[in-house]
Amino acid sequence: MRQLWARLISLTRSALRGLSSSPVASGVAVVTIAISLVLVGAFALLASNMRSLLDDFGDALVVAAYLGENVPASEYPALADLARSVEGVESVQVISPEQALERFRVGVGRGAALLEGLSENPLPASLEITLLPEHQSAAGLGVVVESLEGLPGIDDLGSGQQWVEGYLRALALVRGLGIGLGAILGFAALLIVSNTIRLAMLSRRDELELLALVGASRSFVGAPLLLEGALCGAAGSALALALLFLLFQLVVPGFEFGLELLLGGLSPHFFAPSECLALMAAGVAVGVVGSLFALASERFA
Amino acid sequence: MHDAVRATVGLFHVSKSYAAGHFALRDVCLEFQRGEFALLSGPSGAGKTTLLKLIFAAERASEGQILVLGRNASRLGAAAIPSLRRRIGVVFQDFKLMPRRTVEENVALALEVVGTPRREVRARVFAILKQLGLQDRRFHHPLSLSGGEQQRVAIARALVNEPEILLADEPTGNLDEELSLEIMDLIAAAAKRGTTVIVATHDSAILERYGGRHVRLEHGRVVSEHSTPAGREGE
Amino acid sequence: MRQLWARLISLTRSALRGLSSSPVASGVAVVTIAISLVLVGAFALLASNMRSLLDDFGDALVVAAYLGENVPASEYPALADLARSVEGVESVQVISPEQALERFRVGVGRGAALLEGLSENPLPASLEITLLPEHQSAAGLGVVVESLEGLPGIDDLGSGQQWVEGYLRALALVRGLGIGLGAILGFAALLIVSNTIRLAMLSRRDELELLALVGASRSFVGAPLLLEGALCGAAGSALALALLFLLFQLVVPGFEFGLELLLGGLSPHFFAPSECLALMAAGVAVGVVGSLFALASERFA
Amino acid sequence: MHDAVRATVGLFHVSKSYAAGHFALRDVCLEFQRGEFALLSGPSGAGKTTLLKLIFAAERASEGQILVLGRNASRLGAAAIPSLRRRIGVVFQDFKLMPRRTVEENVALALEVVGTPRREVRARVFAILKQLGLQDRRFHHPLSLSGGEQQRVAIARALVNEPEILLADEPTGNLDEELSLEIMDLIAAAAKRGTTVIVATHDSAILERYGGRHVRLEHGRVVSEHSTPAGREGE
C-alpha cells in the first residue's frame, strides 16, 4: 500500500516535471483541449437547453379541434366524449376561448404584444386532443385527423396541425444538427487533441529517445506521458468550463429576447454539477486517449 | 548469472552495414572479461561508435552474434532491451543530455529507471557530481554549461549506477589534458571494482598513459590488438 | 523579373524542404487545419442551405386572410381591393381552395401523405397579403392584422399568423446558432491552427535557432515559414473540401426525409465553385496568420 | 570598411556574467588583427566558448566594449546582428548541424543566407567537402555520420563562405591526431588568405605544433599571452 502510494507520487512528480520542462508545448496542449471542449460544451449546452424546449413540444403534439361558433358551451363535454372514442386518441381536454387566449399569451412570451391591440377574443373554443404515443407522428396524425374530421360541431382542424408541422421541422432541425454537428465536433476534438499531444511529444523527442537509451522500460516512459495527457485534459476541461460559464453569463442577458423566442418561456440553464463532472471526465479521457494515440504513433527505442 | 558465462561481452564474427555495400564493421571477433579495461582507437569513421552501439543494442548486427551479460544482444526482443541497458552505463560521444532538465535530474535518471528510492538517488547523485567537480552546477541546465562540464555530466550519468559494463565514447574530447587524466582514473577505478570498461578514444596521451588492452580499428576491421599487463593505472 | 522569379522558386523550394524535413509535424498541421475547416465548412454548408430556406420564409411572411365559406367567388376581387387599401399592405393575391391545396402539397413534401385521405378539399379560399418590408416583423404584423380584422367577409386571420410565428422561432434559432457557433468555431479554428503551427515550429526549434546563428535575416527565416503555413493551409483546405464533399454525398441520401423536413421542398446543395475558392482562401489565410502568430510568439535569435 | 579600423576584433575591458556574482569572463582586453591566427586555451569552464560567443553576438557583454569588423557587437540591435554574422564563420563545440537536412544542405546553408546563386553554391560546397574528405557523405544526414565526420561538416560550413573571421571552438575534439593536424592546416591556410582565425582548443599537440598567438584563459581572465613569430604552419 505504501509502496503503491510512493509509486503514485513519483509518477505524478515525473509527469509534472515533464509538463513543466516543456511549458510552451504543455500550454498549447491545454489550450487546444480547452478550445475543443468549449466547442463541444457550447453545443451540448445549447442542445441541453433545446431539449427542455422539445419536452415542451411533446405537449404541443396534440390536435386542436376548433369548435364552431354556433356550438353552445353546454355541448362541449359531449363532443369531447365523442372525440375520445376515435382510435388513436389518448385523452381530450376542453379549452374555452379564455383559456386559449391565456395560453397563447404565455406561449409566445413577449410576442404576446401582438395580441394586445385586439378588442375581443378572436380565438374559438377547442378540444385539445392528445394522441397515443404510437400515433405521435406525421402519418399517425393523418389517420386521426381523418377520423376527427367526420365529427359534428368541429369547424377546423387545420390550425393545430400547422403548428405541429412547424414544430416538427424545428425538431428535425435540432435533431439533425445534434447528431451531425455533435458527432463531427466530438470526433474532430479527439483528433485535434491527439495531434496536439503528439506534436507536444515531438518537441521532446530527444528526451524520450534518451530514456530508451538508458534502459527505461516502456511503462516507465509511457505511464508519466499518459498521466501528462490526463492532467492536460483535466486542466483543459477546467479551463473550458470556466470559459463556458463566462460565455454563458455574458451572452444570456445580451440575447434575452432572442433566447426567449428560441426557448419559449423557459429561462436558459447552465450545466448541472453532474454534467460539469462529465465534461471534466471527457477532458481527461480525451487527454489519455490522445496520449495513447501519440505513443502508438511514435516509437521511442 | 553473467558470472556463469566466460566473457561479459563477446563479439563473434560481427559485421554491420548501415547501407548496402558499405560496412561500418566487418568480421569483428572480440571478447571482454569482467573487470577488464579496454581502449578502442582508430581513425574517424573506423567503426568505434558502431561497435559500442551494437553492445548496448542501439543497433543490430548485420551478421554474427553478440553476447552481452549472458544475453544475445543481436537477437534481443524489444521488451528485453531495457533490462539489458540498465546494466550498462554509456557515455555518448554527443553527450545526449536532456536540455530541459537540471544536471541533477539528468544524472538521477540512470538511477530512477532502475527504481532506486529517492533518498538514495539524491545521495548518490551528489557524491558522483562532487567527484567530477560539478557539485556547484547541479541545479544548472545543460545548455548553461561549458562543453567540458557537459561531458562530465554525461560521465556522471554513466557511472552513478555502478553498471556492470561501462561504454565511453570519446569521454575526454572536450577536456584539457589534466582533467582528462583525472577522469580516466575515475573510469579506470570502475574497472578495478569489477566493471567491464570499453573506452573509444583518439587521445594519444591517454593511449600512452593507460595500459590494459588496446584494440585498434581501421575501416571496420580490428587491425591490431595488444595488452600491456599493467598500465599507469596500476602504478 | 527573372530575379524575382528565381527568388520565388528558391523560397518555395526551401519551404517545401522545411515541410518535408519534419513530415510528422507538417502532416499533423495539415490534418488539424483540415479538421478545423471541416467543422467550419460543415456549419457553413448547413447555414447556406438554411438560408435558402429562410429566403422561402420571406414568402411565408404574408398574412393569409381566410374567406368565409359563404362568400361567393365573384366577390373575391373586390375583397382583395379592399385589403390592398390597408396601410402596410404591399400586394394581395387571391388563392382559390384548389390553389391552396396544391401549394400545401408542394410545401410539406412527403408530409403531403397526410392529406391523401381527405375526400373533399378542407381548405378555404384566402387572400395572400404581402406586407411592405417595414411591416415584416412581429410588431408590424400586429398592426396590419388589426386593420384587416375589421374587413367584411374575412373569417380568420389566425392560421397564417401561427405559421409565421413557428417559423420566426426557427429563424431566430438558426440565426442564434449562426452567430454564436459560427463565431466560436471560426475563432477556435484560428487558435487551434496557430497553436499547431507553433508546435510544429517548436519541433524544429534547433534548426530555426541555427539559422539565426549563421546570420540568416529575419525575412530569410520567416518567409519560408509563412509560405509553409500557406501551403499547409492550402493542403488542409483542399483536404477539408474533399472530406466535406464526401460527407455531403454520404449523408444527404441517408437523411433524405429529415432533410426534406428541414429544408422544405428544396434539395440540398454543395458549395458553389466560388464558395470552394473562398474556403481555400480561408485555409491559406488561417495558415499564414497561424505562422505569423507562431513567429511572433517564438523568438529565434 | 573593416580595413579602416585598426583591429578586426577588439575586446576592451570585457566582462561577462551569466548569473549574478559569477563571472565567466572578467576584464578581458584583447585585439585580433586581420589574417591573425590565434589559439585560445585554458581549462574546462575558463570562458573560451563565452569569449567566442561574445564576438559573434550570441551573448552580450555585461561590461566593456567589443568591436567586430568595425561594429560595436555589444550594442548591436537585433536587426543588425545577421549581417555581422554572415561575415563570421563559426565551428560550434557541439557542431549544431541540422539533423533533418543532408550534409550538403547543412554546408550550403552558410552560402544561402548570403544569397549565393544556386549553381555556385553547389560547386563551392562540393569543393570544400572534398577538401575535408566528405564527398561520399554529402547526401547523408548528420545522424548517420560518425562523430569526426560531423565535426568536419561543421568545419566545412564555417569555411565554405570564406568569412572575414573564423571562430572555431574545439574543432578537433572528435578527430584523431593525424586528421586534426590536417584540418588545422586547412584552418591556418584561411588565416594566410586574410581571415582572422581564433581557435579554442585543449589539444596539447596543436598548441605545440602551431605558432602564432597563444592566449590562455583561466577563471575568465587572460593569464598568459605570447606570440611565436612563425609556427609550423609557416614551415
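In order of appearance the chains are A, B, C and D, and numbering begins at 1 in each one.
Heads up, the rule we're going with is that a residue touches a chain if its C-beta (ideal position, glycine included) is under 8 Å from a C-beta of that chain, and two chains touch if they have at least 3 such contacts.
Note that the structure is a prediction, hence the values are computed from the model and not measured.
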Under the touch definition above, the chains in contact with both chain A and chain B are none
Dist(centroid_CA(chain C), centroid_CA(chain D)) in Å evaluates to 61
Distance between the CA centroids of chain A and chain D (whole Å) is 65
So, in whole Å, the Cα centroid of chain B is separated from that of chain D by 30
Expected list for chain C, residues touching two or more other chains, is none
The positions of chain B in contact with two or more other chains are none
Among line, ring, star, complete and other, the chain touch graph is ring
Listing every touching pair of chains gives A-B, A-C, B-D, C-D
Seen from chain C, its contact residues with chain A in the complex are 24-25, 28, 31-32, 35-36, 38-39, 42-43, 46, 108, 111, 113-118, 122-123, 138-139, 141-143, 145-146, 149, 156-159, 161-163, 165-170, 172-177, 180-181, 184-185, 188, 191-192, 195-196, 198-200, 202-203, 205, 251, 255, 258-259, 261-262, 264, 298
Touching chain C in the complex, chain D uses residues 56, 58, 78-79, 81-88, 90, 92, 96, 98-101, 105, 109-110, 112-114, 118, 157
So, in the complex, the side of chain B touching chain D is made of residues 18, 41-45, 48-49, 93-95, 144, 146-149, 152, 169-170, 173-180, 202, 204-205
Chain C contacts chain D in the complex at 10, 14, 17, 21-22, 204, 206-207, 210-218, 220, 301
